[in-house]
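Below are structures written as structure tokens.
Two complexes follow with chain A in common, the first pairing it with chain B and the second with chain C.
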Partner chain A sequence: MQLQNSSSKPSEDLSKNNLQDENMIVENSPAEAIQSWLVTKLSKQLSLNAKTIDVREPLTRYGLDSIDAVTLVGDLEDWLGCELPSTLLWDYPTIEKSAEYLVKEFDVSAAVSSVASSNVKDASDDKTEKVEASSKSSGWGGLWNRISGS
Partner chain B sequence: MHQLKQYWVAEALEKDLGDPTQPESVMSFKSVMELDEREEFPEKDVEWLYNWNLHHYHIPVEYGGELKSYEEFVAFVRVLSRRDLTTSITFSTLFWSGLVWMAGTHEQKQKLAKFIKDKHGAMCLAYSERAHGSDLVASDVQATKVPGGYLLNGEKWPINRATISGISVVLAKTDDSGGARSLSLFVVDKSEIDPAGYSNLPKIKTLGIRGSDMSGIRFDNCFVPEEMRLGQEGAGLELGLKGFHLTRTLCAAFSLGSADTALRTVLKFSLGRKLYGKTVFDIPHPRTTLVDAFLDILVCDCVTIAGARSFHVAPEQSSVSSIFVKYFVPVTVEKLVQNLSVILGARFYLREGHDEGIFQKVVRDNAIISVFDGSTVVNLHALILQLRQMAKYRAKRNAATYEGLRSRLETRFSLEAPLPPCERAKFELFSRGCDDVLQGLEISLEHLYDLKTDSSVDAEVLQKLITLTSAVLEELDAQDEFLASSGFEFGHDQSPELFELAKKYCTLHAAAACVHMWIYNRKVLGDFFAKGEWLAICLNRLLMTFRPSSGIIPSIYIENVAQELLKLDRENKMFSIVPLQLAQAPSPEEKTHAASELQLQA
Partner chain C sequence: MNFSDFSFWWVLFLIGVPFFTVRYIGKYLNIWRDYLDSIGLMVLSLMLFVNASRSSFIIFAFEIIFNYVMVRLMLRRRGWESQAIAATVIGIDIAILAYFKYVNFFVEDVLGLFVGGVTASWQQRGGIPGAGAIPPGISFYTFQMVAFVVDSFRSKNKQPIGVVDYINFVSFFPQVVAGPIERRADLFPQIESFRFKFSAENFEDGLKWLSLGLFMKLVLADNLSPYINLQETGNVWLVWLSIYLFTLRIYFDFAGYSFIALGLAKFVGVQLTLNFIAPYTSPSIQEFWRRWHVTLSTWFRDYVFLPLMGAKKQWAAFYLFVTFTLSGFWHGAAWNFIIWGAYHGLLLLVLRYAGRPFYRFVGERLFMPQFLSWALTFGSVMLGCLFFMESDMTRLGQKLQTLVTPWAYSFSNLGAAMSSFSANEGAVLVLILFLTTAELFLEHLAVWQKRKCEYDLLLSPWLTRVLLGLTILLAANTPSKFIYFEF
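Up next is the complex of A and B:
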């Protein structure tokens, strides 16, 4: 997978920083932090190997449909703590472009640095994401027993 | 006149159309059945509506029209729809002007207002294609950029009013690479393009709304000038989806009109027909079915009116408020009509007889509402994708959020509160987790507790309302807790269980809407409404879909609802939380007078 910031380090081999082991990620810039957040998110939610995600490919290539892309902006907002255009990922349809845009147009430093210092882990602090990671294979499965118990 | 001004237009229209059971009325059951039998476009009725200036209520006041409030709008569409869905759905393709009011340039808006007002113009919405219905991004119709405009190629089908309308709003591909920005919208004025560039497809035979102009349109290298593009190139999907927020909510008015006629005609039958020495209405099962239908309408009213008012109060929540209405109301009314058909027995299947056979037409016509403008599954799917955000947001509410919620709830639900103009530019593709109705449920529960000291409220009813509202809240809390701790998947492969979860969410939403409606209008909507027994029964019925019956409702409450149903029927008032006066049949003397006048004219 590609994690480089396109403008500054085009050739450096960051592929060893792939998200196979999230705890290993060392963040170099806000744009990279956002990129890896998106890569992690996509790899988990679309059941993809993070290594296969190229930040310069359109998100739709990974099966992210237009409406999903809108919902993903909601999660990004939660993480970054600012309101973003709902069509962000329509207008900047690759991970690289959207990260670049976010860094340029929004003050993302606070969110990014706090996450970066505690490693990217999973973009979010609540238990939601942890359960998500562990229960990926079953998705929302098992739900019926739990809510319609009455 | 009703004390709520926003219902005056509906009442005036109703009065001028006349009682539909009288053959001489405009759009009488007799005449709409005859048109339907001949599958004939209701040209005269449509022209009558233009002459009545109903089209002015589709144009915002800023552009010289009368469109001020969507609550008012829903009320008059309901009055039309109780007579005939063919005409109502045909006339209401004017809804699609909403896209231009939302995203058009000043010139485009002025031009459209003139087209509608001066030329009695109408438009159609051309999104669907034979190969793609719900999947808009897959559209095949191409708009290829050429100097000064675009060349359109391809076919849209099945499209209501494609042939008999001057403007087609066409969704077309402007970028071959695909994706969310690959589509653009064009407001194609047929009078300004080369007739050789397009052709209308033949009329399609349908189960219901048989007289409507169901057809399609085909473009062959058709040049459309740049000025016909709506918004930026690539904005087609975004605008298309936002346009649905408006129309999905307005579709509920079609359903509510159908429900009124279905209930009225079956009630009339059940009061007139004698079996075993009593009327059908006196047999417990039919009586309960009729009462349940009335209660369903009251719930749908609360959901619809709140949805229509939300465009003015919380336009940024349009993506969810419209889903709640478009899912809940058509589906509830379909079931209600089906249940009522049991009472009509064999007659439900006859194309003549009782009230000219209008009931079977309602069954046929009404069945399309849950399909078009985004089907039931499409709406539920869109809700599924936003559920987790809503649960998260709800968990994070704080003092400041509550303050905003409190004030928005009051304006949204208090029918006496004036509505601010609708800011369509604030529509959003997702609501950022906000849903005032369910997120403000605790506020109304608080109000209920406060009412304990109010002597005008029956203590027993109040206690039941508190118990039932608390149960709604418990269900919501349990659901939110589950959502917060579950994984989430994108895409179209959501499990069937999730669709059930989304339905439950809509049901809880409906319950909350009813509670708010009662809290904010106890003193406005009459004694029956104020007493709140209907609310207790409705909450109990809604909860029953996922909780076993609690036996909380005394039978006298149900009897009181039955009496109210009979009273509204006797007084010829709408079955509604806002029971406006329906057109009266002329008295026998008036009739003879009219007849002799006619003879004199002849």
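Up next is the complex of A and C:
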């Protein structure tokens, strides 16, 4: 399953850059939120395009090695605020399986929802800034834009 | 157990038939108690071990008693006392392994480098009694015992363990000599509730794995073995051919063993861990190590790599290299195994720190199709196999020199290589290579089709019967020893 075909999308993309609809975050399940987080992290760590990451492919297919596996689990612990098994990404070698396991075995809903709500807030702030910016650009900014051709 | 030794099957038959006859009558008359199944399994396993090696059985029996008593004691204690017992047991287990496996190497190869004449006088004295002859299975059952101590120490369940259950856990006859190295959480619950389960489903499942394992070992590995020429150092084509054949052989030999063990265990209703998951389909060296000898890799990960590293994750690369080198050293007390381990550790690090930027630079998908990734991975594994198979360091150096000499790749050398086989030998080699390619292709196909198990196609009912038939027809006349028995 390619990520772009699934309902799960990188949370950071959702919150900051590509957010089309705030409700999408609220509707995301904890498993999808974790999947999104892992896709984003993995794409950054391995310099991959997030859209090409298939959550059902083994992580090693993207070049994930033992060093990535332990550091990624460390980051995941910081994000979710709970202690996770170091062998998580060996025992559950795909993003989908890891996310399912985490939702099943750990109370991640609080951490995920707090991140989601902060994302919503960020997105909302972002939207307000954009509205303000666009209202500015419709005044002097707009004139400047027309003059500068930007 | 040596599955290619006729006496293994003979003893299994001689003990099994009377035992199961008595069991059947006892069950029929309702006088057979369930725990007698565990005792029967224990007797069967121990008798098969005695048959495999009487002298080693004494060491094995001592280690079982010692470990059982100490683990029982450990489970009753708390805090530092429990920790001290665990450390002592692990220390003694490793010391016994080191005594048989590494003393000669340290004196002759390490100490001999610095102190002149040590090697000669040591060899004259005959070394330490018993050292040098590695008792069969000692590496595997030692690792399983060590893992059991650690897992029991970490376990929240501190209930005492039964002596028969412990003996069965360590000596379970399909896997005691060459793995898979089973963990407490996977095997012990099955052993605790052990009952012989001869269901049609277990029989069918067991037969499938047994057929695949026997085909891999007796047809593929054993028929490839005679073509591996360790002496050849001058003809580059023959050197490469031997490396290639050894790469295939070691997989079919050990995976074959593991699958026979898996099949035998299934017959009696026990599920063992899949020790090989089509490793030669890997498109990266990272993935290769998740598919090759899985239980050993996870053992080193859980009991060496992660504890060594601890919280120092910024040093992960260093500890990864150390772990791979140690894993090489475990395979054998010789420089070539240390080089092999270090080579794989280094390979992972080079790919990570140099390969990734390069991969990014050239464009990930455009220049690196999946096939090329696979070919590079397989090539790297093959080169590693040269270090694994060649224990003579002088010869290893000569072979490496030949491989990097451009003019060694001449047509005249190719002609000489081809004429080194008779027509019959060549025909047999081509046939066996055709079968190995077909086998590996079916593994690839299952991976591409994203099947649940990589051996799904090879385990299909009709193909299993074909493999069994081919084993009867094409099994090598002289089965070679299992490679992993030397470790």
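As a working rule, the second predicted complex is superposed on the first by the 92 of 150 C-alpha atoms of A that agree within 3 Å, B and C clash if a C-alpha of one lies under 4 Å from a C-alpha of the other, contacts with A are read in each partner's own complex, and residues count from 1 in each chain.
FYI, a residue touches a chain if its C-beta (ideal position, glycine included) is under 8 Å from a C-beta of that chain, and two chains touch if they have at least 3 such contacts.
If you're wondering where the values come from, they're calculated on a predicted model, not measured in any experiment.
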item	value
Contacts of A:Leu48 with chain B and chain C, given as first, second, both or neither	second
More chain A residues in contact - chain B or chain C	B
Partner chain(s) touched by A:Thr60 [first = chain B, second = chain C, both, neither]	both
Partner chain in contact with A:Val70 - chain B first, chain C second, else both or neither	both
Partner chain(s) touched by A:Asp78 [first = chain B, second = chain C, both, neither]	first
Touching partner for A:Trp90 - first (chain B), second (chain C), both, neither	both
Chain C-contacting residues of chain A that also contact chain B	46, 58, 60, 63-67, 70-71, 74, 86-87, 90, 93
Footprint of chain B on chain A - complex, ascending	45-46, 58, 60, 63-75, 77-78, 83, 86-87, 90-91, 93, 126-128, 131-132, 135-136, 138-141, 143-144, 146-148, 150
Partner chain A, residues of chain B touching it in the complex	137, 177-181, 237-238, 382, 385-386, 388-389, 392, 428-430, 432-433, 478-479, 482, 484-492, 494-495, 497-498, 500-501, 504, 546-548
Chain C partner contacts - residues on chain A that touch it in the complex	46-48, 52, 56, 58, 60-61, 63-67, 70-71, 74, 86-87, 90, 93
For the chain C and chain A complex, residues of the former touching the latter	282-284, 286-287, 290, 298, 301-302, 305-306, 309, 313, 316-317, 320, 348, 351-352, 356, 359-360, 364-365, 450
